[in-house]
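These are the structures in question, set out in turn.
In the two complexes below, chain A is the common chain; its partner is chain B in one and chain C in the other.
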Partner chain A sequence: MDTTRRDFLKVAAAGGAAATVFGFDLAPAYAQLRELKIARATETRSTCPYCSVSCGVIIYTLGDRAKNVTPQVIHVEGDPDHPINRGTLCPKGASLEQDILNPRRLTKPQVRRPGKTEWEDISWDNAIGEIAQRVKKTRDETFVEKDASGRTVNRCEGMAFTGGCTDTNEFNYLVVKAMRSLGVCYLENQARV
Partner chain B sequence: MTNGWIDIKNTDMMLIMGGNPAENHPCGFKWAIEAKRNRNAKMIVVDPRFTRTAATADLFLQIRAGADIAFLGGLVNYAIQNNRLAKEYLLNYTNASFLVKEGFQLPENGLYSGFDPATQTYDKSTWNYQEGGNMAGKAAPIDRPAATAAPAPAVLPPNVAYDLALEHPRCVFQLLKKQYARYTPETVERITGIPKDQFLKAADLFTSIRKDGDTKKVASVIYAVGWTQHTVGTQIIRTAAILQLMLGNVGRAGGGVNALRGHSNIQGATDMAGVFDLLPGYLKMPRPEDTDLAAYLKRVTPTVSKPGPWDSFSYWSNTPKFAVSLLKALYGPAATKQDDWAFHYLPKIDRQYSWTQLWDRMYRGEVKGLLSFGMNGVMIGPDTKKNIAALKKAEWLVVGELYPDETSEFWRAPGTTTEQMRQIQTTVYRLPCAGFAEKDGSFTNSARWLQWKNAALPPPGDARLDQDILAQIFLRVRDLYKKEGGKFPDPILNAAWSYTDPQHPSLSEVTKEINGKALADLKDEKTGQEIKTGQQLPGFAWLKDDGTTAAGNWIYCGAWTEAGPQLARRGTEDPSGLGIYPNWAWSWPANRRVLYNRASCDVEGKPWDPSRKQVWWNEAAGRWVGNDVPDFKADSPPKDHMGPFIMNPEGVGRIFAPLAAFAEGPFPEHYEPMESPVKNPLHPNQSNNPVVKKFTTAEDVYGTVEQGFTVICTTYRLTEHYHYWTKHNPMNVETVPEPFVEISADMAKDYGIEGGETIKVTSARGTYIAKAFVTRRIKAMLIDGKKMHQIGIPIHWGYRGIAEDAGKTANTPANLLTPTVIDPNAFTPEFKGFLVKVEKA
Partner chain C sequence: MSQATLEIRAISGHAGSVPGAGVKRELEVCKLIDTTTCIGCKACEVACLEWNGLTFSETTFQNSYQTMPETAWNYWNLIKFNEHERDDGSLMLLMRKDQCMHCEEPGCLAACPADGAIVQYANGIVDFQQDRCIGCGYCITGCPFNIPKFSPQARKVFKCTLCADRVTQGLEPACIKSCPTGCLHFGTKAEMKELADHRATQLREHSGFAKAGVYDPSGVGGTHVIYVLHDASDPEVYGGLPADPHVPWTVQLWKKPLKWLGNLAIVAGVAGVFIHYLRYGPKTVPEDLQGGKP
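Coming up: the complex of A and B.
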């Protein structure tokens, strides 16, 4: 019988059954496991955001996901069930907890006005409102409905969108829908370079 | 990848080139080691540096950056000269026997037939198959002068002339033989710097899998951006594909041509058409001459082109179904038959809008605004200085990011004075986004596996989910068009956005939309299976071109069906032992794990190697069956001779790529990098790629040896860092705290440089300053008889990061050095193999 480490622990967790399968009592080992800091944590299965191997990772958070409870990340490790990485992580994957809990993260919208030398804070509502107006203005000013031969082209060449390597498939699809509807031709991604 | 990460364990032979998986894909590289340990597989590594991948290889060859086609062309020549070929595969599964049109000329002088120097373009009409039947034993028709030949229509002939004896002088195999006969071991040595005896050792080892007619063994080609980031990047990969087709390695477990890819979801970004020239599922963007949907579909839907007795599935013949289903997904009820399925809502493109062209036209003042999500354009380059200059000319910039990045802070790049900042009129919005752990949704890995991930926690502070920000901007723009009107508002007003919460679109809803659903009751007349209106589609075979189905990306159809999210499956069983894991996640297309797997069997439908059975023909059932999902028409019997390469109109693999498939020619030819230390030894008068895309602004300067740029420079990544991201992580910064320049001990001696000494690397565009890291991992090389030095620069430092903010670096991004010049097929810049000079700082 093939038993992975996780299956083993699951069997161990079943208590009495383990004694019959393995011929000895695993209760002391199980008790020790419960003292690990991750024992009471919520496990969330995710995928490492770095290279394209797609290592499975488990993010451990404290908090039971009840309303108004903010989960706290306490540990990130490789997912031993994942058939590609089998629990391993590289030096980048191993530091993912620092990527999630990083004091350098951006936490508020900001704007740098023309000619200014510093950032200013801006509310989300104002930021989105201003961006929407700029998008519309640029589109209306640069939109080309017909080319020189009179053929319909419906292009907006005054505006561009560039997407990153960790954007989800679903986000990328919404980008295509929104940007192509605006007529954007300069639609590019990390995938190009 | 045609294959996958785990599948590498099935190989007998690896050629790893243009990639360094031991350092850049460490947890995937275990499968290469597994193959060495369990199958005694051999590994050949070819790289400018003795990398950690090279350290595990059976044979390592140091190559000059940018000389890859010469090496691979040499392998093609060696395989032909020594009869190390998969003959049955070559004859039946490739176009080796097809005849090429009269007037087609090989590039002995560096140019294929049809070149127009004035426009720097090719008339490709001779790059085509000849119409006709079986030409075996028949004399070649006399070549007529090209001038009197009737202008050929730019389409493939339906009935291709062929010679199964492969002897006709104009058959693809004979042309291939002639083309690469010039790539002798001596020529390979002159161009690549790899000594002839070492080249021959590698050529013998790699092709040894086909020694004495063996068809059981299999070899894998593994590469990354060390191949793509050249002005001939696409053609490097083409050469590898030709080699793998000749040796019969494509479609087989442990074989294939495998792009490792460097980021978690750039496979997905390509699939989903985050690039200017595509629509989701590799549909082509419409052009102005596509005056209606019918004209578009006629242009982009291929017609079968094959020898008469053979069969071809030509799966792209279903293009109309994919396109109409996409328009239904994008525009919902507004996409009606009367309104040509809203085809005119899509922009029509007649020129290139790729990455470098975007920055070039922003520099020229044509692109006024940029929305950038998780994409640090200033750092990505090429030519950081030009990109910063471009942003100064933009009216507005929106950056969605996790960390303070160089792009959002271009206006205060190092060296910018307060007075200069006051001159910069660009408005910059910097929006805090969500990290991977804070978002659900799917990534597609390089093995084409779509894997769902779950959100573990909410974004910090006021940061928002990227999809929410995009939705909120788009819906606000829509409101403005509703209120104020404006230019052609129809697509904006009618884009389907009926998510349960439109301001916060649920990604599972979006995945379901991408998968596709029935818009009317559907019935499969053959099987009697029914799908009711509103139900998720089980696969792309159900797509229709009459508006009764909607699917946002046909290749992802099957990812989220009525049976639930297939892409979230976690079955750990692998019944065949081949590492297929059929119930783990979901792989496009149709959960097939190895592409073109029909080619893993002989003509009769029996596996080449019975110990690695992927799929096979079951005569009793009258179907293809197997451990993997057959990538083929399931009921096509072997006697019908349908080709395994079902996405090509020929049905077979393209050793000769006809017509407009590639910009430079139907076979790859070695051209020197844009900045090269030597004239091309094959044809000094045509040294570079004749159809390369250069740029012409004041920033676009290219260096020469005469100007003192004599050292070959390449860029690379480190195991401990990830692009421009981990410079914000204390642990990664601690492990590799600062930038460096890797130079050889030989060069250090020649230049009088000590290890740890600060040095200055200068290209025609910019200067990079860091400590010298003197190693024996790079060595001086003899290129065309002259001694030359190569250096390597890791890319990970910019001017915002822990080390940068602490003043511990010179704030010089590596891409200050790189040239804006691109591959004319894939539009990828030449980050590898450019010229610099090196001095003490």
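Coming up: the complex of A and C.
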């Protein structure tokens, strides 16, 4: 059979079309995978601030703590090396990132004056000063040196102290020293750290 | 790009061989959900939202602890709460973590016409590539578990990725890590099957659940998310878990025989025209009609 150049081209074109239809697509196909968002983030160990279980968490912050970086929390998850939770978290603990990055989060002390309905901002120095004045006043007013039967008790019944769950052993040691020296008996916290 | 770290097994809408498939050895991963020890705390839901950066959305109260009726395009992991009355009249509150099952033979991938929009990695994870998704929604019809969800904002379809970004880097998925009761497990498929069988045996022999069993439906070739159920004979009571899931026959018919028949018809048409041309040559107009042209 004689094949002209024209016929050959026609056959080649038809064959190429058939090959494409039946699936010989040589274009590369790749799937792009999202990068691990915490790959080079800074890991900081911390304690969940909610309940007394005091689960260990790792807080991931943007950057490697270089001088020119302002770290920002990007992710929080359980600390697998923590003996209490071993990496797990409850729904509240799992949402800690939302707790930190929250427009409603209080980042400075506030005071509500007697009779007022509004909270006002106060500096840390002023806050500590006011608290010290009230502690002194309350202690002077409610300190009991001797009870009804004349026994020396040296206690202050007008104050109580509660601590949070992230309070460490060392912190609680200082709390006990300070509060007992004031005569405070009602001393409690939920820390199990 | 880190695509080299996860070997691809199958790609949606892709003709011809899959580049790199079957070249490397890779373990198949699996998520095991022990519904018998779930307390419905929803830590997995929150961990999923947190890791994947999904925003919190407002929900409506449905007279149940369930967060919303179904998973959503921005809510991939949902605990389904079901009050179930047993034969002896006692009540059980069944809780099942609903998310993508990562089927061995994924219906979404079969139905998807967009090249590379749905990818199955060699480790079993089925992942959507939103940059290639055309938003047609065929994957939604292909899924027997009602998982892919269309986003009207993005005009793309989203679902659970089994935290492919974490798994690639050797981490467990976010939901698995958070689970405080240890009802979620993660490992290789073989290990998880063994653990699931062990737990089901324990339930049958020591806990009075005579019908306890493992849910790893063969209708979709097995899944990379498996359940331990109190009563494996009736998975429907766990918030509509299909007893025998299959890729819908319409999708199968359309994507297999009809697709090939259609391709064949096109090629046969072209070939027929060509053969006709070779045999009879170009069309000649009879001489008596030549003058009739306007």
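Definition applied: the second predicted complex is superposed on the first by the 115 of 193 C-alpha atoms of A that agree within 3 Å, B and C clash if a C-alpha of one lies under 4 Å from a C-alpha of the other, contacts with A are read in each partner's own complex, and residues count from 1 in each chain.
The criterion applied here is as follows: a contact is a pair of C-beta atoms (placed from the backbone, for glycine too) under 8 Å apart; a residue touches a chain by one contact, two chains touch by 3 or more.
Computed from a predicted structure; not experimentally measured.
Chemist: Just checking: does A:N68 make contact with chain B only, chain C only, both, or neither of them? Give me first, second, both or neither.
Modeler: A:N68: touches no partner chain.
Chemist: Of the two partner chains, chain B (first) and chain C (second), which one does A:Q98 touch, if any: first, second, both, or neither?
Modeler: Both partners.
Chemist: Decide which partner touches more residues of chain A, taking chain B and chain C as the two options.
Modeler: Ranking chain B and chain C by residues of chain A touched puts B first.
Chemist: On the A-aligned overlay, A:S46 touches which partner chain: chain B = first, chain C = second, or both, or neither?
Modeler: In the superposition, A:S46 touches chain B alone.
Chemist: Taking the superposition as given, does A:K108 touch the first partner, chain B, the second, chain C, both, or neither?
Modeler: So A:K108 only meets chain B here.
Chemist: Now for A:E77: first (chain B), second (chain C), both, or neither, which partner does it touch?
Modeler: In the superposition, A:E77 contacts chain C only.
Chemist: Check the residue A:L89 against both partner chains and state whether it touches chain B (first), chain C (second), both, or neither.
Modeler: The answer is both, since A:L89 touches chain B and chain C.
Chemist: Regarding the shared-chain residue A:T168, is it in contact with chain B (first), chain C (second), both, or neither?
Modeler: Touch status of A:T168: first partner only.
Chemist: From the superposed pair, tell me which chain A residues show up as contacts to chain B and also as contacts to chain C.
Modeler: Touching chain B in the first complex and chain C in the second, residues 76, 78, 85, 88-91, 93-95, 98 of chain A appear in both lists.
Chemist: Per the contact definition, I'd like the list of chain A residues that touch chain C in the complex.
Modeler: 7, 10-11, 14, 17-18, 21-26, 28-37, 39, 75-78, 80, 85, 87-91, 93-95, 97-98
Chemist: Tell me, which parts of chain A touch chain B in their complex?
Modeler: 4, 42, 44-56, 59, 61, 70-73, 76, 78, 81, 83-86, 88-96, 98-100, 102, 104-117, 119, 122, 124, 127-136, 138-143, 145, 147, 149, 151-178, 180-193
Chemist: Using the touch rule from the top, collect the residues of chain C that touch chain A in their complex.
Modeler: 1-3, 5-6, 8, 11, 14-16, 18-19, 41-43, 45-47, 50-51, 53, 56, 115-116, 119, 121, 127, 129, 131, 161, 164-166, 168-169, 171, 174, 177-180, 182, 263, 266-267, 270-271, 274, 277-278
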